[in-house]
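These notes open a run of structures that come right after.
Presented sequentially are two complexes of chain A, the first with chain B as partner and the second with chain C.
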Partner chain A sequence: MLGGLGVSRESLISGLMLAAIVAVAALVTGFAFGANGERIATLFLIYLCAVLSISVFTGGSGITSFGHAAFMGIGAYVSGILTMPKALQVSALPQLPAFLAGHETGIVVAVLAVAAAGLIAGLITGVPVARLGGSSASIATLALLIIIHVILNGAREITRGSQTFYGVPRLTTLLTALIFAMAFILIARLFRDTGPGLRLRATRENDVAAQACGVSLFQVRYIGWILSAMLGALAGALYGHFLGAFSPKDFYFDLTFLLIAMLIVGGMLTVTGAIVGTALITAVIQILRLAEGGIDLGFVHIPVIFGLTQLGLGMALLLTIWRRPLGIVGLQELGPKLKALVATAPAETPAKPASSDKSLSVASLSKRFGGLQACDDLSFTIARGKVTGLIGPNGAGKTTLVNLICGQLKPDRGTVMIDGENMVGRAPHLIAKAGLGRTFQAIKLFDRMTVLENVTVAALTIESNLSAARKAAETLLARLDLAREAQRLAGTLAYGERRRLEIARALALKPRYLLLDEPAAGMNPVETEALKSMLDRIRHDFDLGLLVIEHDMHLIMRLCDHIVVINKGQKIAEGAPAAIRRDPKVIEAYIGAAPETEISPSTPSTGGVKNETAIGIA
Partner chain B sequence: MEFFIQQLVNAISLGGIYALLALGLAVVFSIVGLINFAHGELMTVAGYGLFFAIGVSLGLPIAIVVAIFAAVAMALLIERVAFRPMRRADVTGLLLTSFAVSVILRVLFQNGISARGMPVPMPSALAGSIDLGFAHIGVIPLLSIVATAVSLGGLLLFLKHTVVGTAMRAAAQDFAVVRLMGIPANRVVAVAFAVSGVLAGVAAFLWVAQRGSVDPLMGFVPVLKAFVAAIIGGLGGLAGAVAGGFVLGFLEVACQAFLPAAILPYRDAFVLGIVILILVLRPEGLIPAQTGKRS
Partner chain C sequence: MKLRLALLSLTALGALTFAAQAEDLKIGLASAQTGTLAFGDQPSLAGLQLAVDEINAAGGFGGKYKAVLDVKDTRSDTAATVQAAQELVASGINILITPCDADPSIAAGQISQPAKVVTFTFCGTTPTITSAVGDFMFGTYPADNAQATVLADYAHEKGYKTAYILKSPDSAYTLKLPEYFQQVFTKKGGTIAGEGTYSMGQQDFAAEVTKIKSLSPQPDVVMTSAYEPDFPAFIKQLRAAGVTSPVLGSDGIDTPTVAGLGDVVDGVIHSSAGLPSPGTPLETFAKKFTEKTGKPFDTVYIANGYEIGLIIDAAVKAAGSLDPQALRDAVANLKDVEGVTGKITYAGTDRMPSRDIALVEMKGGSRSLVKTVTPNPADVPAP
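After this line comes the complex of A and B, so read on.
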């Protein structure tokens, strides 16, 4: 089954290591310190399950969920009602609807029912959360917490309202909690490295870039949310059977605050972090609980402080955010070191015959922002197998045009056709999937993911499974001379490598057309020359149409077969480089000078300054 | 008819309180990207200010001034101690910071003052109602509406006609540029917190006037609502926050007045369900905040 998911051996080993460490720690605590030790170890394992359920979504998506305590509540009540002895139920819940009454099921049925309840809750609540994203989604989860709390309080016939719900069999022993915790650790750890897990992490790092790699933000967030809601409900059932008696306020802000503190202190980006944070905070709470009653140290007497644990949690949270925003663990999961790829010589692929009859064509594309006509009736064609250049002074509308083509913006009018199919109105990730790769003017990588993961995310869009995607990504990295960096975090690469990685990632979509938004920006002449030879290689090796947006005239004149010039949203010229260079309208737009000037291809590159000075006067 | 007018007045007065609080949240958020959960504790501090000032019989007008000063002082204090060191954290980091600050302050109130509610006696004139001929309207709802209008008007004048106010409006669009213009960032941020303190102080007075007591958890519920209001309106926009506050007030009063008794316990669930629906349809809120960012 794991093979089918394509999860690597390293992830599995890492998961097993984490589970083993937790098991040893919990068993030692549980048996070495008597009944109290057993209670603390059990509680730790339950909290761990709860924190891991949040971590699956929050660690993946970067959206802090405040709503999971409510899922725990749902799980606790569902399991409580199902497993409650019949006689007790009659007196505790006399008005219970008939379909819920008198089941007195075993634990297996209850677990299945709780998982189903979590699934349903996740399916419903996931729609707004996955649609919103970012801090709005975080806030929506907070609203969910309140809504579910209100419902638990209001449904008196089922939950006894705000009164204590009692008579729940205490089924959660150290051993059951341990079995659940080990399963949760494995699920959470492996999920990170599955296809959906990888893509979810990509949306956390950069949502626009993730879309450009063909990732549906909604889909991956929704999957993560549903899984995490199910785990949350199960953790709640475990907690309910530990408490035996509880009320809705046990699944409200205090629990949320506790779980979030555990997640943040340990580090929300890793499973290792969730474990470390839960262990640490559980220990701190036990110590503070002892101190809460007042301590007599002989020479000084610390008075009773009401809410000392809350105070401690608050301080721990503040200290973490202030000093170590990524938590104690940070980015690195505990596990075997990943091997860097051996740089294999790229397999020489013969140049494919250019499918020159196909094209990406833009027709009468228009977009207005308030009083500014950013694109005005633009039409041109990018031929497959050719390099098309798009130039224009700053503010000409180039970036707007790219965003219109890629679906980040919707045009007011006009069409974008890829090989005869209209793309207008399609979501950016669908356009990416249809064969349009892009890079960004300001590089957008998934900084806290490895180089290999960056490319794999895009490859997943067209490959059928994770192993195929990883293989495709490895091949691409080798071809773009990035294989040695495969296991480094993308955020640690040098500038030139970052540009190259972005191009590699776009190529992993096997695009039919590739849009490069100022690929040479910020490069010195040597780096620009390397870029040019790489682009020449790409046009030779891959059967695609290139659109290059650049300010570097030297580069654009030598690279392109065809150039489109726009200014103030309108196309002012189009043609072969030689013709463009002499076009009086182009010269005027750039320097506003007399028509005897000419844009010279021999002008040196500006070496990183993004301006129009790369135009010489012949 | 009278019922309808009374409900309308209730909706405006409740919405007004939410609007004041949401505005306080929005002023701070627009400038530092912080959703200040501890805003509720500013209300609580103002409530205690009111309690102590009335306790030493300073008279209501002076007590209100004391309350507002208390909230402003607390706002400036938490800005300096807790939020300034965290300026580089992201939105969620800041939100969690304020969450922690809020919890810590609550524990301090519980231990330093009292875990129980303290009665705040209000002048009996506030308890009555006024006969407008066509309807009897409570003094406190009317007072709320007036106080809200005065506060909103005052804030508008401040933002439009003072240098700091203008800097704040500019900072809400693009803080980096404002700093480049040579305006001291810390002062703009401090003023934003002070303004949020004033608004919390006014709201606290109106809240306490209706309930007659103050306790450590007093600010929690109204600020939770205000927070929802700020989101509906479009987080970071000042006009949006006011609109969101009134929308929420109207929704709550309408649900309270018109929902059948059987589902009345679920009122808040209904209101928040509608809120989520609004968010799903308009993720940027009713009046999206204007920012100078481009892709």
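After this line comes the complex of A and C, so read on.
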């Protein structure tokens, strides 16, 4: 089954290591230190399950969920109703609807029912959360917490409303909690490295770039949310069977705060972080609990001070946010060291299909923002196997045009056709899937993911499974001379490598067209030269139609087969580089007048400076 | 992992230091000394501590057992209460005391009940606490249904025929108390003119107030168990809208701040566990408390905690030993224990005691006693 998910051996080993460490720690605490140790270990494992359920979604998507306490509530009530002894149920829940009453099921049936309840809750609540992103999604989860709380309070026949729901069998022992926790650790750890887990993390790092890699934000967030809601409901059942009696307020803000604190202190981004945070906060609470009851050590007497635990919790949180914003663990999962890729020679050059008749064409594209006509009836064609340059002064409408082509903006009028198919109205990730790769003016990598993961995310869009995607990514990295960096975090790469990685990632989509937004920005002449030869190579090797937006005239004039010039939203010229260079309209647009001037191909690049007027006097 | 080890060695150390004498009366408290329930648990503990000190000084509980308190803070968290209750029960306590709320009290009671440890909720007022747990669980504070009965009786006596009730589904107290009132009031011939609901903390009562204002005729009385911050907001907006119907409240508004609201609460009558008015035993106790502890007597929960000490003393005396079953039976059969707010009786009840409830009226920033009533058990609605 794991093979089917394509999860690597490393993540499995890492998951097993984490589960084993937790198991050993819990069992040592539970058996070597008597009943008190057993209780502490049990409580730790229950909290760990709850924190891991949040971590699956929050760690993946970067959207802090405040709603999981509510899922825990749902799980606790469902399991409580199903397992409650019949006689007790008659007195505790006299108005319970008949279909829920008198089941008195065993734990296995209850667990399945709880998972189903979590699934349903996740399916429903996931729709708004997955549609939103960032802090609005967080606020939506907060609203969910409140809504589910109100429902639990309102469903008096089933939950006893705000009154205590009692008579829940106290089934949660150290052993049951341990079995749950180990399963949760494995699921959470493996999910990270499955296709959906990987893509979810990409959305966390950069949602626009993730879309450009063919990732549907909604889809991956929805999957993550549903899994996480199911785990949350199961953790809640475990918690409910530990408490034995509870009411909706036990699954509200206080619990949410505690769980989020554990997650933040350990580190939201990793499963290791969830474990460390839960262990640390549990330890802080239990130690301070002892201290605040007053301790007589013989030589010193510590008086009774209540409130220390609360104080300790607050301090731990504050210190973490201040000193280690990513939590104690940070980015690195505990696990075997990932092997660097062997820099294999590029395998085969892909067969070059004859494609002269295929093109990406833009027709009558128009977009208005209030009083500004950002794009006005633009039409041009990017041919396969050719490099088309797009130039124009600042404010010409280049960025708007790029966003229209990629689907980030919807045009007022006009069409974008890829090989005969209209792309207007399609979501950006579908346009990416249809064959359009892109890079960004300001590089947008998935910084806190490895180089290999960056490329794999895009490869997943077209490959059938994770292993195939990883293989394709490895091949690409080798071709673009990044194989040695495969296991480094993308955020740690040097500038030129970052540009290359972004191109490699776009190529992983096996695109037919590639849109490069200022690829030479910030490069010195040597780097620019290397870039040019790389672009020449990949356009042949991959049979690409390239659209290059660039201010470096030196590069544009030598690289492009065809140039489109726009100004103030309108196309003012189009043609071969030589013709463009002499076009009076182009010259006027760039320097305002003087028809005798000519845009010089010999003007050296000015490097990172936005050079709008790389123009020489003829 | 190092932290865990440190924690565990501390646990072991802690266990050693709490060793009490074999013939001590060990009272374990899984009590909310911090958090949302501290408002009731802190003063209750202060009262209990005073009772324990006095009784110990006078020869011990039942004349022979010195009491030792082991207090564990639950932070008003149910899971922490379960953990504390488990620890305390395992350490061999004779009596367990749980927080001022039904959730943690029932959760803890489910642990002490099978272990046969007599358990009191500090000031949990939900009448189902005892039936949910079993025969070792006892309440002490006037239960919600008893308070509601006293209020409905009073409304009936005053000749009120119609009542409007305002409740909130957010807590058992704010929901069930008005519903108990409704049961007793309609049984005695009254009718409910209407009912409104609110969310705790909502602040804006315009909708509810408009609903009351539009009733014709106006209800003879408005009854609610709302407390701060909801009650002050509600009463201000109600009076500002020109509604003059009398208002009945419950012990949740028995605080100095509500009395301090001034004109708007003039004439509001509410139930209370007791009022230290001049000449009452409660006033004498209040003076003694301040004298001995140096702290003001600012809430009747102090008296309630003190009375738990008296109840335990009476039960130990009656049982003659610390045998769990004997101790439980003794508490269940207590009759007319002389407390500081009145007499307390468990015999014939379902372990929520029958006891005096005061009706007090707020006027000019202070309170005066209307009367003290012991509700007739036959009138008290089933929980």
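As a convention for this text, the second predicted complex is superposed on the first by the 593 of 618 C-alpha atoms of A that agree within 3 Å, B and C clash if a C-alpha of one lies under 4 Å from a C-alpha of the other, contacts with A are read in each partner's own complex, and residues count from 1 in each chain.
Here, contacts are C-beta pairs under 8 Å (C-beta built on N, C-alpha and C of every residue); 3 or more make two chains touch, one makes a residue touch a chain.
The shown structure was predicted, so the numbers you read here are calculated from the model rather than taken from an experiment.
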Fit or clash between chain C and chain B when superposed on chain A: clash
Touched partner set for A:Ser138, first chain B, second chain C, both or neither: first
First (chain B), second (chain C), both or neither touched by A:Leu175: neither
Touched partner set for A:Thr164, first chain B, second chain C, both or neither: second
Partner chain in contact with A:Gln310 - chain B first, chain C second, else both or neither: both
First, second, both or neither for A:Ile287, with chain B first and chain C second: second
Partner chain in contact with A:Ala578 - chain B first, chain C second, else both or neither: neither
First, second, both or neither for A:Val208, with chain B first and chain C second: first
Partner chain(s) touched by A:Gly154 [first = chain B, second = chain C, both, neither]: both
Listed stretches 41-49, 257-265 or 311-319 of chain C, narrowed to the one that overlaps chain B: 257-265
Residues of chain A contacting chain B in one complex and chain C in the other: 153-154, 156, 306-307, 310
Residues of chain A touching chain B in the complex: 62, 64, 127-128, 131-132, 134-136, 138-140, 142-144, 146-147, 150-151, 153-154, 156, 208, 257, 260-261, 264, 305-308, 310-311, 313-315, 317-318, 321-322, 325, 399, 403, 408
List of chain B residues in touch with chain A within their complex: 35, 82, 85-86, 89-93, 95-97, 99-101, 103-104, 106-107, 110-111, 115, 224, 227-228, 231, 235, 265-269, 272-273, 275-276, 279-280, 283, 294-295
Contact footprint of chain C on chain A as seen in their complex: 25, 29, 32-33, 35-37, 39-40, 43, 46, 91-92, 153-154, 156, 161-164, 166-167, 170, 239, 242-247, 249-250, 254, 279-280, 283-284, 286-287, 289-293, 295-297, 304, 306-307, 309-310
Complex interface listing, chain C residues touching chain A: 1, 3-4, 6-8, 10-15, 17, 33-35, 70-73, 75-79, 82-83, 86-87, 90, 102-103, 106-107, 109-111, 126, 128-129, 131-133, 169-172, 174-176
